[in-house]
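Both complexes below contain subunit A, partnered by subunit B and then by subunit C.
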Partner chain A sequence: MKVTAQPADSTLTLILDGELDASSAVVLDTELNKPELLKYKKVLIDCQRLSYISSAGLGVFISHLQRLQDANVKLVFFNMQEKVFNVFEILGLDSLMNIAPTQEAALAA
Partner chain B sequence: MPNIRPATWLLALATGSWLVLLLGTLSQGRPLLGLPPDWPRWLLLLAQGGFAASVFLYVRLQPDALHGHGFLPLLRRLFWRGLVLTALMAGVQGFVKLAAERALPLPGDATAAVGYTISLALFIILLAQTLYVWRSLVNFRGSERLQREWTAFELILGAALLFQLLVWHVPDLLLLAVIVGLGLFGVYLSGHQRWVAYLSQGQKVQAIMLQLGVLGFLSAFLFVLRGAQHDPILLAPPTQQAFLVLTSSFAVFYAVAGLLVTLFNLPVADVYEQRRAEILSLQQLSQIIQRGQTAPEIYQALFTSAVQTIRADAALLDAQPQPTELPGASTTSLAHELTPADREAIRGQLMALQVPDQREFLDNDLARSQRLTGLSRPYGSAAVLPLRSSSHDYGMLVLLKKEQSGFDPEDLSILHTFTTQTVLSLENLQLAQEARVSQRAQDELRIAALVQERLIPKRLPTDNWFEISTYAQAAKEVGGDFYDFLHLPGQRLAVLIGDVSGKGVTAAFHTAQMKGIFHALMQPNPLAKKERERYPDPHRFMVLANEALTHCLERSSFITASFYLIDYEAGGFSFARAGHCHTLYYHSIKEEVSYFRSEGLGLGILRDASYGRHIKNQFWDYNPGDVMVIYTDGIPEARNANGDEYGEDRLAQMLSESFYQSAEEINRHIRQDVQEFSKGLPLHDDQTLLVIKFKSAQPQG
Partner chain C sequence: MQDRIRITCSRQNLQQVRDFVRGFLMSAQRSELVINQVVLAVDEVVANFIIHANGEDATQFLDLLLVLADHNLDIEIEDHGSTLFLPTGKVANPDLRAYIQQGRKGGMGMALVSRIMDQVEFFERNSHTVCHLSKTLP
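Up next, the complex of A and B:
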């Protein structure tokens, strides 16, 4: 999986490309662990090319949820494929995390 | 008789012979010790021969002084010994001259005779020393045949001692012919100068000096002894002419030949030195490999060897990080005479070459090809070699030289040998590392499988109002599926199913924790006022479990679970879903298969009191004939060869085909279809499938 970071003003967009499994979760975790992440108001996760997410991948987001919330950084997912959304939904994360349909909606959220 | 070593005998014999020779020489022309003058010629020759033979044999017995390639120490020792012997001889001769000129109160002719005998002895000692040093050099890397030839040469020299003793009147011509023949043999032996090739340039110069010195000493002796024989005041006795001539001519000739060979070898010495450096570097590399060193050491060895051997003006080695981490390997980057900016420029320009094969080249004219430009100093030629095996890329090696055409094919071939060796050793290291990791992983898997196996309930609850069928299959990398039942008083049944995130030992550990939490929470509460409140309802169960897990689950782990409390007397069940797969249900009155789509957050995700708001308690009244299918995500996420998922729809379809059968038959119907779906593929996640079928209560007994 590839993680591309696109900083813009107060927003950081992370574009995920591929399958987020146990091995690629490490890459994402490194990215989310960067201290400068907390300088942004919003971290958007572009899930358009995210084809699969394993429990380890979900675990990365879950483990950073509290930290981002404490720093007042909003985490918003957008462009999620249905299959991936189902995983979020079954786990109940849709009630806990911001999942927007489009990038515009994510920016507005 | 005391055990006396042969060397001691030889020394005694040498001393005795020399004394006889001295007395014999003194007896020339005068009576001595009451014996008649002019001792017989054969006695003098015998004494001289005995002395020479014992000195030669004594030196021959000494262990070979040549150790490995220590030619210079050997020559140096010979030089110093020669110097001492020559100095002694010069002292003796000086004294004799002094005695003659200043008319010291000594019999002049007797002094000359003693001086001559001493000088002759010193000369023989020097010859013996020289001959056996030459022997070491001749036989260096020599064949067995050469050794036999040398022994023959020694025997002939020995025979020469007897020659003049036995044959009284040798015709001059025959003697000359024999001496010339043997001399030629000596010349042939002098051709064996292999040792010269093993000297570096500096060593060759030293060797020439030392050989000149030895030649000088030999000449000095020859000059003095020849002069002494014609000295009118010395009544010179006959000498072992043949032996001395043979030996000294061989000694001189070998020195001259060695001198010439060394001299002519001087111009090509640097080529030899480079080759030697290559060999040494290769040896160093393979030694490092054999010692099983770390990756950075192997990289360092390659880098040093390559730079030194090729005499590169600048160099860069970048290691490629490996999937199986070799400790310290990924950080290795070595540079020689390059600024950080240069390194970046080289990396950038090489990375810009899209085809990896283009990243290997030998460019002897960088100025014209415009490759590797923009460096702080201009370089004329470059060699770029990838460190690559068939399966891995370990990095690259860049060597730069200021001059054009700095690299020849020989260089490239040596560099290839270096890189191949390096790649081989890195690969070995990596294989060893992988074997260790995989061994550990296998051990973990065994433990995890064992734990999971133990945690699965061995006995299913049975009663006349339900049927239960279970199926559980662990994936190779054991996941964290679990389920459990508890038969509660009052015809109630608690069912828990769940899946711990992660795999292996950690998952198995959390599974065990979850099972412990289940049994702890399902203890009857003695303070409960009503019978129905003795056990926590599903909502409360999840909240308590979440709280318990908060203290033992790492932040990135979570657990999905569904908990059901089935009450036969009430004809219904309550349940809560914590992020687990939706329950599949067959409704016998509506004759309909559907999922209970309810909300509920997984355990361990929210770790405060707010969790309770994300969990819902649900109730359902069941009818006999209803079927509940509870499973883990390994079932709907099972994949076929195309990567498609099995899916909830197909699962529901299976239930609608088999709901009328027994729980066991329904279970079998579903799992056979799942197995058919992902036929021939390894399980990528645990699969658990529970089927509960409600029945009308049969009268007991």
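Up next, the complex of A and C:
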């Protein structure tokens, strides 16, 4: 799992590449735990190259969501592969998280 | 058709387990969505065995057996560690809104497994824990 951060004005985009599981979730957790994240209005998660997510990966997002919301930082996923979106659906997380079809839609969300 | 693999109890081996299950089901020409669901269910159980039952002790090992007959998939994961690990197969619906408020990381894995597989069973055999998962594949 590789996480690349792309800051642009008030938006930070995190590009995920690879499989997010109990072994690799710590990489994402470290990135989302950075204090400077809270200075952005939006954190966008580019999922185009995210090919797998397990409960450990979902847990990382869930564990940071309230902290981001409290700081008025909006977390938005975009470009999610169908099989990855399906995992969010199985748990009902698709109705609790902001998931946009494209980067443009994520920026407008 | 059937296939088996043995792995040591390191979470670095989760990728190997997923590749093994994917390869098995791809050769059976199942859809990408179904393959990913089964891969996820196995990954969750194996991760629990590695992390919670064996404390990531790489001297311990797990055996994984996949059997597909027509549309019926049976999966057996045997933990050769010395500690019995018998979580209930049926998991209550996790309150995800509460998890978000609490900033909770865990507690969703077995809920996923239960929703994906038709049957989830943990039992003891020869002083080892065995997990049996089954599913009728579309």
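As a convention for this text, the second predicted complex is superposed on the first by the 109 of 109 C-alpha atoms of A that agree within 3 Å, B and C clash if a C-alpha of one lies under 4 Å from a C-alpha of the other, contacts with A are read in each partner's own complex, and residues count from 1 in each chain.
As a convention for this text, a residue touches a chain if its C-beta (ideal position, glycine included) is under 8 Å from a C-beta of that chain, and two chains touch if they have at least 3 such contacts.
Please read all numbers here as calculations on a predicted model, not as lab measurements.
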{"item": "Fit or clash - subunit C, subunit B, common subunit A", "value": "clash"}
{"item": "Subunit A: partner with more touched residues, subunit B or subunit C", "value": "C"}
{"item": "Which superposed partner A:90 touches (first subunit B, second subunit C, both, neither)", "value": "both"}
{"item": "First (subunit B), second (subunit C), both or neither touched by A:82", "value": "second"}
{"item": "Partner chain in contact with A:19 - subunit B first, subunit C second, else both or neither", "value": "second"}
{"item": "First (subunit B), second (subunit C), both or neither touched by A:58", "value": "both"}
{"item": "Subunit B/subunit C common contact set on subunit A", "value": "22, 55-56, 58-60, 62-63, 65-66, 83, 90-93, 96"}
{"item": "For the subunit C and subunit A complex, residues of the former touching the latter", "value": "11-12, 14-15, 18, 32-33, 36-37, 39-40, 43-44, 47, 50-51, 94, 96-97, 99-109, 111-112, 115-116"}
{"item": "Touching residues (chain side subunit A, partner subunit B) in the complex", "value": "22, 29, 55-56, 58-60, 62-63, 65-66, 83, 90-93, 95-96"}
{"item": "Residues of subunit A touching subunit C in the complex", "value": "19, 21-23, 52, 54-56, 58-60, 62-67, 82-83, 86-87, 90-93, 96"}
{"item": "Residue numbers on subunit B that touch subunit A, as the complex places them", "value": "499, 501-503, 555-558, 560, 578-582, 599-602, 605-607, 614, 633, 645"}
